[in-house]
């Protein structure tokens, strides 16, 4: 991965509130864990929580795709690995994998697209100008999008 | 109960997301069910969600006391019965009981005190003036409070 | 839609716990609402919660795709419309749309694939034999799947 | 505090999913943070999550008392400090305080009583025999309980 690709790694110990009567982690609980990873990834890319609370400009989730491959259970220590996956003109994609600490097997994969929005009006904003340079290796050019958009790539 | 005591009854079917690996409803899930009942009780008392979103005046929870007597489990239909329990000058108490539909046994009892707050500053407001009359039978007089406050009554 | 396609409609009033500081419903909260609709859809198709708690055979979510088109906010009454979308040999797809009560605009679309699993071992089971007939109009034939699988269709 | 009193300190950064439209942390979110602290405190006292998943013997919450003194908001780093508060014959009490990192002001106080239960039957068990010695300074003697039970102490 190019060294200028923003990445993140967070860790979560599976608690009772993460599990359900099936004996494994509930499918929605992973999305809370992924939100924590995504928020820290966004902070690395310049979106600090404290500033967002002031400016009310938030990166909001536009689409989530999540695949549940293998279950985790109570007391597992999970590693959530995230990265900026691609950038378009008004939205960007982030990708996540969840594994047990010290294991190779991928339990969960997830991709999310986000847009910058001015709340509470919900007005969409352009992505920061310097991203074109900064993340040029992740930039999806317009004509390419028609051929292979992120939604169809997975 | 005097007929002018605000009451509420809501119903919830226990879903997977309500349960945990122990095979029963997770202790926090009841508080979400109780919030739904409390919000509808508050609506009956004049606090409509849509108006609150405008005025940003919210009844906020100041204290919760909840007793877990018997567990509920997946697929149970629960009845949450709530009522205005008592009124003080700047806060009021609501009380809830949770039962399985059609059964007498109380699974959960809960009391919560609330105060009116102007958000986002968090400024506490006086309760509506007409409550003194309207809920006079629930009004805790000041000198009584010293002797037997709601916290010590349970 | 053919009359033998299982469908469901549920309703949810947006509570405080559904919202976040952005002033709208949090992206994860919709998935809880959709789980309630999905659970009732599954009950219509023969998977009763109470029986599942006994047999420990559950339809588990294998993949979720959700698009956030327009936001809902506090006090909105949301209608979640769901249907069985397609059936494969070992999994099936359900689809959901979320609208405000009485409005046409679709706020959220969501598709989920599910598989039958024997918990807690997590052993996948075949779908009920009679589904081949019962939902023949929704059955994706094997050779078609190679050309246009549900994942690539959206 | 005597050095043999089990204590814990955990840290949580306030995420979007912790907040609500009022602009502050939702009252239920603190209980999830406190559960994480409580689970780690319990682990220090011998109740490991992984063993519990095997034995199905869990410390379950019997009562929660929580006071919301001051609000926290998005991006705050919260420190949850917990300790074993007192021990009775069949249940024990834990106490928690929540502060912003580096600040003295207590935002939240919480007390919870727990009992050991064999799931899924829900059969209550005696507390470990060695607790009488180990936590003798926290042991509430029976005749004292009549005078000043933990419920009435707060």
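Every chain is named by a letter (A, B, C and D) in the order it is written, and numbering of its residues begins at 1.
In the analysis below, a contact is a pair of C-beta atoms (placed from the backbone, for glycine too) under 8 Å apart; a residue touches a chain by one contact, two chains touch by 3 or more.
Bear in mind the structure is a predicted one, so any value in this text is a computation, not a measurement.
**Q** Pick out whichever of the two, C-D or B-D, is joined by more C-beta pairs in contact.
**A** It is B-D, judged by the count of C-beta pairs in contact.
**Q** Among the chains here, which has the CA centroid at the largest distance from chain A's centroid?
**A** B
**Q** Suppose each chain is reduced to the average of its Cα coordinates; what separation in Å results between chain B and chain D?
**A** It comes to 22 Å between the two C-alpha centres.
**Q** Please compute the C-alpha centroid of chain A, do the same for chain D, then give the distance between them in whole Å.
**A** Centre separation, chain A to chain D: 32 Å.
**Q** In whole angstrom, what separates the CA-based centres of chain C and chain D?
**A** Centre separation, chain C to chain D: 36 Å.
**Q** Out of chain C, which residues touch more than one other chain, so two or more?
**A** Within chain C, residues 16-17, 21-24, 28, 32, 35, 53, 58, 73-74 contact more than one other chain.
**Q** With touch defined as at the start, can you tell me which chain A residues reach chain C in the complex?
**A** 21-24, 27-28, 31-32, 35, 53, 56, 58, 60-68, 70-71, 119-120, 122, 151-152, 154
**Q** Chain C touches which residues of chain B in the complex?
**A** 13-17, 23, 32, 35-36, 39, 48-50, 52-53, 58, 73-75
**Q** List the residues on chain A that touch chain B in their complex, please.
**A** Touching chain B from chain A are residues 16-17, 19-24, 26, 28, 73-74.
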